[in-house]
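Multiple structures follow.
Both complexes below contain subunit A, partnered by subunit B and then by subunit C.
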Partner chain A sequence: MSDSLTADAKDENPAAATGRSAPSREASSIALQGLHKRFGRDTVALAGVDLAIEPGEFFTLLGPSGCGKTTLLRILAGLEEADRGRLQIGGRDVTEVPPHRRSVNTVFQSYALFPHLSVRDNLAFGLKMQGLAVAEREARVARIAEFIQLGDLIDRRVDQLSGGQRQRIALARALVCEPDVLLLDEPLSALDAGLRSQLQVELLRVQKRLGMTFVFVTHDQQEAMVMSDRIAVLNGGLIQQVGPPRDVYERPVNAFVARFMGHDNLYPVTARDGDTLTTPLGQLHVEQAGDGALLLIRPETLDLLPGDVGGPITCRLAWSSASTAAAMPNIAWRSVTSRCRPRSATADAIFPRSMSESPWRWRPTTSSPWQSEEGTWLIPTGSPPLAVRPWCASLATC
Partner chain B sequence: MVRESRHLLMTVAPGASWIVFFLVLPSAYLMSVAFMSSGTYGLPEMPLSLESFRRLAGFGFLGWSPGNLYTLLRSLWQTLVATGLVVAIAYPIAYHISTCRARWRPIMLLAVVVPSWTNQVIRTFGWMNLLAPGTPLSSVAEALGLVAPNMGLYPSNFAVTLGLVYNFLPFMVLPLYAAFEKLDTAQVEAAQDLYASPLRAFRHAVFPQTLPGLLAGIVLVAIPAFGMYVIPELLGGGKGMMLGNLVANQFAGSANWPLGAAGAILMLIATFIGLFAMRRIGKRLGGGEEVVI
Partner chain C sequence: MSRRSLRRTLTGIWWLTLLFLYLPLAVVALFSFNAANSAASFTGFSLRWYERLMGNEEILSAFANSMILAIVSSVVALGIGCFIGYGMYRHRHRKLGWLIVLIYLPIVLPDIVFGISEMAFFVQIHRLTGFLQPGLGTMIIAHVTFQIPFVALIVYSRFVGLDPALFEAAKDLYASPAKRALHFMLPTIKPALISAFFLSFTLSVDDFVISFFTAGPESATLPIYIWGAIKKGVSPEINAVATLMLAAVAIVAIASLLFSRRRPV
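Let's look at the complex of A and B:
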């Protein structure tokens, strides 16, 4: 068992972790060119997607339901055929290759375990279909079971497992085949919060240790932020932005991405003179050159404090949670979300209801957030595609 | 306590008495008749004897004859062939209906079921007219050399098989359709994703999911087909007789009630053996899962 996953897991060598049994298996790059996909007459799932995914990357497709992310994943798996465009995996054109001939495995959202087989037979399924000898199969199943820490689940029947256990089996069933690319279709969405964060950590551990290329689909921006090397935000069948989580979060290319990444503080720019903006909050200084019609103020750079002394503007509280609060300013803007430190501001617990009647003010958390890119971001106009959706279009013009 | 037991009695009594009066007592009567002697008009008489079983096994006044054995084998063979053909025809039909647009499905199911709204005897008479000598179908068969000239396709064992398949098709299509309709396609995709060719994906992901429906359909088809009376009577002629006809004749024409009762018991035993075998097969194919029949 010197070539076992567990042994490799111990020696911390990611490249060796895929085992000797499939020596030349390495993480694969993925290249998509001009993928189009349409369902029926007028449901456009993908409207021309170009994408390059690096070998060994944890890559996330993020977007609301119906944005085309699952369709894209299914095209990668070969379960769906693109109407137009090319797909390369590991430098090989696999556009026309059927799913059972691709070195790609999927963890399905519904897990799709075979209920008539035991856990062991579920794990061995892919190896059996590949024609591996029984001894080899059993050894690899035992290895993966140890690696994923399945313990005594291995002899259970699938219908005796909980959701979290099924999820792990589904992951193990795909991993045991040692594919070049692992596809994960919202694998954690059916689990409760605690189990979810636990499995997020687990997935990351597995991915880093095996050095496998992971393509992960989710609609949860927090999950995407936590796990990904890079994120592609999709909407309306188009890629809106690709980049590392921090980039996508801090420098969204359009209002949709900003909204989807959890930003609420988006305001139209009405008066701009070079790098100085005139806003209801006062004069703001932006260092970012170029065009821009929408101003983003990052909530982390604002503190909300009780009292109306010392802030540029007073406001009334709209809602608050443990860490953020929205307030209605007495100016033209609808609402401003900010970080709040209720405990430092008042000795009491989080925002007593009576407080919502009294005035509040914002205070910059850094010395001068208004004066730097730290606090604000001008969303460029006219740059990458903004999906054609009514609510989104209206947002862009606010 | 008293109230409870009274409630229990009231709820159980109708079903229980139905079973007692229409299953247990008649079966007991049938059993006892089988062990009696045949009287003047074929009615059961004392003393007790095993004569009817002896005759059922083929021992008559003129020594042993294989007639009854042939009838048994013919019944088994016809059941096997008809059920096999019904499965082969119904499986693609059920699959196809399940993949149709939702609003077409009820219509197509209706098309499968509607013929069975006509009485079985009438439909069988229809087949007699279609298969008789001189009809287009018979002429084609004669031209192809499949049957002797002027013999027609009916009466024959072939006509019986055809009649059975035609008659029982809906009973296979419906349970199979139910299985196909709730087919978990994700499992099929998972199989393909895990390197199963289309054929193996069918074998490992589609077939196991339809197995309960298939077994239910086989039971619904094979048991009534094995005991079928009307179709072999009308389409089979003298050489197409099945066990059901043998039993029926003992209570009517060549009256011998004890022999008929013995035949009925034989059918019952054969059916139970068949069901038991099905359970075993279902269990094996279903990966140890209990398949409810």
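Let's look at the complex of A and C:
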């Protein structure tokens, strides 16, 4: 049982990680039913949450601050008690089990490493509290230190560590207990961008190798897209949508999810005739239109077509973040602004054709004949208005 | 006034302050080594007053009383104050206004008022029940009472300075309430407990007023002994006692300072 970590660490084949021998270390499922939580009289943190998390899933709770995601995580950890509702972990009802009797460990946002202990003693703390013998503790700490590649950090004092190092120690301290479920409360939010993407990859590696159920809390949609098997988007104490990243991104169920996933191109549909919608952008022909009253145009479905441009324009180029896109199937967006030459500018002149055929797309913004409140879209003169390729179904207003 | 002369004036005040603070102490220390029997002139170096001190039963018993009182009261105050400090931290989000004022009141209350009321209280209890005869016992109770707020305050501020997530991390890492206290809270506040002990100890050794009102005939401490002896005039022997007390308090204060500097985070 305790060897599972080493076996997985040495085996490069992720499939081996799922085929674990010890049944007690099988990844656990999580089931939430009708969870309510209120702070004081007026603050509703959770307003009835039902959720099922599969064993071995990298599951992300995504939402703006105050949406209830952290409260939900704390209820899973047992640090907060729900007012109503049930919670099952691995098929066992743990609604009233105190945190120190749950096989759940947390990586805290502030890392919460004990200042009075060395790194080694921090790692061993959970094992010591469980009453493991010294030899067993030392062996497991050594194994996790190797697995997370802590190197000589293990003999440092906590106040000698940098933010990234603390983060990894906090992760190791939670993992060494081999919990059924690992909870991560915005563990990367305090780190700079470079370290952050490095640790994102590291976290995914750990999760895939151990096959452990991870519940990850973040307010960063890009992070959620890159990391998760499935995402639950929360707002106002309610789950708005649950699904794989691509689904949530491409088919948001309402305007909140659409905006939160980075789409600001929402337009009211004023009239419709079959597949033809009247919007502030003009009349658009679309496929697979839904029933809603909002039109969402995802930026990557737009192409700028060749033609004459009537004035100075500013282009915003959006592309898949290359490093993460190569490693992950999910999409991450970044943008830069570049100035285009006035008058003669055409799509062909600005960008070589090959670029427009690559997975890169670009979307222009400037003052243009068609301006809406939400955003502006440059439509080169003398070309068809907008080439909207397979696009997201129109949305219900919310 | 020009900038320069202002600076000079301030420097002058600084040295003057130091002078008033430490010169009297230095004089007492110096005259404790005086060979002569008078406080008027220093005639030569001698340890005779210290030797005499060692032979004085009264002083030795006063010294023993002071130590017993200081150590026992500090330990008891540490125990109680530590719980109060934790309680204040634990319930800091509730409105504890009056309770906090009640706990802190002894810090600002004039010693003499406190001493007199303690005395009256102990006398009444003694008359009614026969318990609490004035003596070391009553002094310990009185000292504990005024030490508690200091201990509670130090422990509380240590807890407040901690990341609240640490308490949750301990729970999360399988520590039961008893194990949390033993393996997390106690080690974490240990530096605070040590400084609180030193502070209580010095407060107790220092105290005259409250001790004076609550003492019994057999339980004179050093300050009370000095007070009694001084009525017959300041003898060099008193200087020697004062110098020893000074040295003891200075050592404890420096130890406490060094310790608090070394504490991590």
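Basically, the second predicted complex is superposed on the first by the 275 of 398 C-alpha atoms of A that agree within 3 Å, B and C clash if a C-alpha of one lies under 4 Å from a C-alpha of the other, contacts with A are read in each partner's own complex, and residues count from 1 in each chain.
The rule is simple: a contact is a pair of C-beta atoms (placed from the backbone, for glycine too) under 8 Å apart; a residue touches a chain by one contact, two chains touch by 3 or more.
What you see is a predicted model; the values in this text were computed from it and never measured.
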Partners on subunit A (subunit B, subunit C) - clash or fit: clash
Partner chain(s) touched by A:L161 [first = subunit B, second = subunit C, both, neither]: neither
Which of subunit B and subunit C A:S118 touches, first, second, both or neither: first
First (subunit B), second (subunit C), both or neither touched by A:L204: neither
Footprint overlap on subunit A, where subunit B in one structure and subunit C in the other make contact: 77-79, 98-101, 104-106, 108, 110, 112-114, 116-117, 125-126, 129-130, 173-174, 177
Contact set on subunit B toward subunit A in their complex: 184, 186-187, 189-198, 200-201, 204-205, 208-209, 286-287, 289
Subunit C residues touching subunit A - in the complex, by the definition given at the top: 162-163, 165-166, 168-176, 179, 183-184, 187-188, 190, 264-265
Subunit A - residues contacting subunit C, complex: 77-79, 98-101, 104-106, 108-110, 112-117, 125-126, 128-130, 157-159, 173-174, 177
Residue ranges of subunit A touching subunit B (in the complex, touch as defined): 77-79, 98-101, 104-106, 108, 110, 112-114, 116-118, 121, 125-126, 129-130, 173-174, 177
